[in-house]
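A single structure is presented below for examination.
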Amino acid sequence: MLESKLIRLKEDLELEKPTMIVGLPGVGLVGKLVAEHLVDELKAEKVMEVYSPHFPPQVLVNADCTVRPVSNSIYLGRANERDIIFLVGDHQSTTSPGHYELCSLYLDLAEELKVSRIYTLGGYPTGKLTYEETILGVTNSTDLIGELKGYGVEFRESEPSGGIVGASGLLVAFSLMRGIDAACLMGMTPGYMMDPKSAQFLLKMLCSILGIEVNTESLEKKAEEMENIVEKLKEKEEQQKIQEIKPSEEDLRYIG
Amino acid sequence: MLESKLIRLKEDLELEKPTMIVGLPGVGLVGKLVAEHLVDELKAEKVMEVYSPHFPPQVLVNADCTVRPVSNSIYLGRANERDIIFLVGDHQSTTSPGHYELCSLYLDLAEELKVSRIYTLGGYPTGKLTYEETILGVTNSTDLIGELKGYGVEFRESEPSGGIVGASGLLVAFSLMRGIDAACLMGMTPGYMMDPKSAQFLLKMLCSILGIEVNTESLEKKAEEMENIVEKLKEKEEQQKIQEIKPSEEDLRYIG
Amino acid sequence: MLESKLIRLKEDLELEKPTMIVGLPGVGLVGKLVAEHLVDELKAEKVMEVYSPHFPPQVLVNADCTVRPVSNSIYLGRANERDIIFLVGDHQSTTSPGHYELCSLYLDLAEELKVSRIYTLGGYPTGKLTYEETILGVTNSTDLIGELKGYGVEFRESEPSGGIVGASGLLVAFSLMRGIDAACLMGMTPGYMMDPKSAQFLLKMLCSILGIEVNTESLEKKAEEMENIVEKLKEKEEQQKIQEIKPSEEDLRYIG
Amino acid sequence: MLESKLIRLKEDLELEKPTMIVGLPGVGLVGKLVAEHLVDELKAEKVMEVYSPHFPPQVLVNADCTVRPVSNSIYLGRANERDIIFLVGDHQSTTSPGHYELCSLYLDLAEELKVSRIYTLGGYPTGKLTYEETILGVTNSTDLIGELKGYGVEFRESEPSGGIVGASGLLVAFSLMRGIDAACLMGMTPGYMMDPKSAQFLLKMLCSILGIEVNTESLEKKAEEMENIVEKLKEKEEQQKIQEIKPSEEDLRYIG
């Protein structure tokens, strides 16, 4: 395998202007959590697998002790009388050229399937342990901005200022040349841990945009568990701050 | 040389559903030790050499002062009325894409030679200086699990939890698409040194699966030598633990 | 996308022996600042875009919240009755092979457009916080040296002694085989920060060579701002030196 | 430029079983010093240049302020009624695959030019600041060993035990498949600095093997300069050893 490869598990998909939703691993795993939740809830069917020499040279072990190569997968779901294509996966490319190669492969596929809109999902690292419902957006054309603002997506001049690294950004930017409207939707997230809470906010926004409703119980549960962990982290942080002050007060008394 | 290359030392191999055994360098060199021991004991013949731009750009010096490029080799042996193909070698790929390229090359060969079963051999790092006879397995289809359990191979849900990196994993996972049954058999090993003891356990299991018997003397000798080294390492470890405790006891007495 | 790719925004450019000016990111951003200033002042038109798997796998966010892939761009301007082609961009290649690939692509284009002269612009790192008006030059043939000396470009034996890394050097060296005269012009710059002051000197030299005049106000303003920052850096440096001496003098008095 | 490229400066070289001498940068620059000295002394003519995307993306500046890309070069000389092809250069490949690619290119050329013998020249790192006249050899066939021993080349079982990294080793190993006899001759060298002294010993051996005599003055001069530097390094080393002992003796007296 010298190039990334698409394996079709089902031939002749006849779709009508489907929407493509991309949730690959990234900051806070926010995009991955949302896309995989939708795949589950919409009972989407796996129709393609993607293997690439740019993925880690690794296999993962299933619960039944069989192994599978690291891969990305294409699922096909249906909601609100619309076909939805999901791109999810274990890893993104480990090399720069690989990111570009995979992006081309996915946009070739999007063209073939006559995708009319792409939403890539990601996390926007805030560096802070606080919740924010804000969903930040960027697009590949100004036409989409008004529409998405209507749903509450926020657009901030030149933000993220450091750009967007990886598939979420490249797919939005390069889809322009294929004539496909695309936006990247980002949930706010601390950035250094899995964030199902942020995923919950992003899921809510995405469902509103797609005009669908899904059960969010499993994600809510994960979010609650994570909220407890974060609560404890915060308490610890507070205590450390207090302890950092206290001893120095004691030290002062010793001196005084 | 821009791609990995197979050099045939012998043309027109006519084999009947051979078994392929893969023992390339990996954790504890367990797989390599077992496969090379079998190559020696079965007097298998070298029939192919593999060179690759993804191996280190290095040559090795033979005892007679001639040099040879870093390579992988294919040997052909026969045991229990069965043809056995061995894949052994000096190195695995140094790059991610190289792992995928070499895996494709080996599976093309396996298809050509009508290989009906692949066993890749490896080590499972335990991080502990203790012996365990356990052989852990993963497969590319659930059909094989029952058969291998019959020989005593252990299967643990989703283990190894970190997946398997390198040829041993990739060959098992990708052989599924070629219609070849495959399993990876792993001996338990500390992980940070050559482990002929673990290789001995794995060899015993493999021979039982293949229905063959081989002289294991040379491997036993290596294992005994290593056992002595490990024994000394353990003693040292114990002494260090004792010394780590002692001073703190003395410290307590000083305070009391 | 497996190779660097040139997108033509405008077909059939009919140019007469144009000059090509290359200002890609490099030491002190000197070349980039000069070339982009000229693009603005000459109201040059973007005629091509270059994308490459060797650029970082990243998109940049425009002020209007649309994204664009990291790219290099070709602009076409006109001054002093001459067509001028500008090569500017966000990044250079992130890999060694990519540098060579992009260099070939740009020289293929230069040949196609019948470019008769190439000036690549760069910075020469001095490691010192002082201004120097000197513009250092290297060429791909001794014929150009006399001509450029006439404008005041300095040529120093075997300098830069460490060679030149990246597009500025490669384009000059390899254009020789295409029969295109080329020189690299370098402004003196500390090397560890953006240097619009050095860019100002280089711009002046380049305009003199091209026989054109342009408004330099915006660059002057940037240079003044930077000069203020440098002034403060220098003052700080001086104070540190003084403070480093003072305490040791006090120490001496304690001993004496 | 996506692949390494050979530029012919002179067409239709008609040679009769030439010898090829390879002196590329390596340990102590020993091989490079010897081969370039012979190119100078035999007034060999540059007949080809090699450029590669696997060389650093860098140009070097000539004394006359023109630049040239990093390259390897093929020179043609004649001595003792024999054609001699020299392969010398600024750099070796910066990537593993590049080493293999360039090795193929050079052996294709060797086949085309009907090269009958290849000597690659290198340094063998001893880690010690002492001179040794020993020249260590490895070959691609046992046939050559006797012949080279006759000239005084030393052959040590399985040495260098770490193998040989880079062009010197690969060219010897892979020339076997091209039916070309080849040996790598290595001078003993500390390993961490340019070593014209070791080059002098290796040159002497090579001249004896080729049955030629050359003026070695320039190399001797460089060797003398280096010898002085080494002498001073050794003195310093000795003094440091003495100083390391002395203070501890004083310390003892304080205690006693």
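Here the chain labels run A, B, C and D in written order, and each chain numbers its own residues starting at 1.
Quick note on the criterion: a contact is a pair of C-beta atoms (placed from the backbone, for glycine too) under 8 Å apart; a residue touches a chain by one contact, two chains touch by 3 or more.
In this text, all values refer to a predicted model and were calculated from it rather than measured experimentally.
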Between subunit A and its twin subunit C, rotation from the CA superposition, multiple of 5 degrees: 90
Same vs different contact residues, subunit A with subunit B, by half of numbers used: different
Distance-maximising chain from subunit B - centres being C-alpha averages: C
Chain centre separation in whole Å, for subunit D relative to subunit C (CA means): 38
Inter-chain centre distance, subunit A versus subunit D - centres from mean C-alpha coordinates, in Å: 53
Subunit B, residues touching no fewer than two other chains: none
Pairs of chains in contact (touch as defined earlier), listed by label: A-B, A-C, B-D, C-D
Interface residues, subunit D side, partner subunit C - complex: 1-2, 7, 51-70, 94-95
In the complex with subunit B, residue positions of subunit D that touch it: 3, 93, 96-97, 99-101, 103-104, 137-142, 145, 155-161, 163-166, 169-170, 172-174, 177, 184
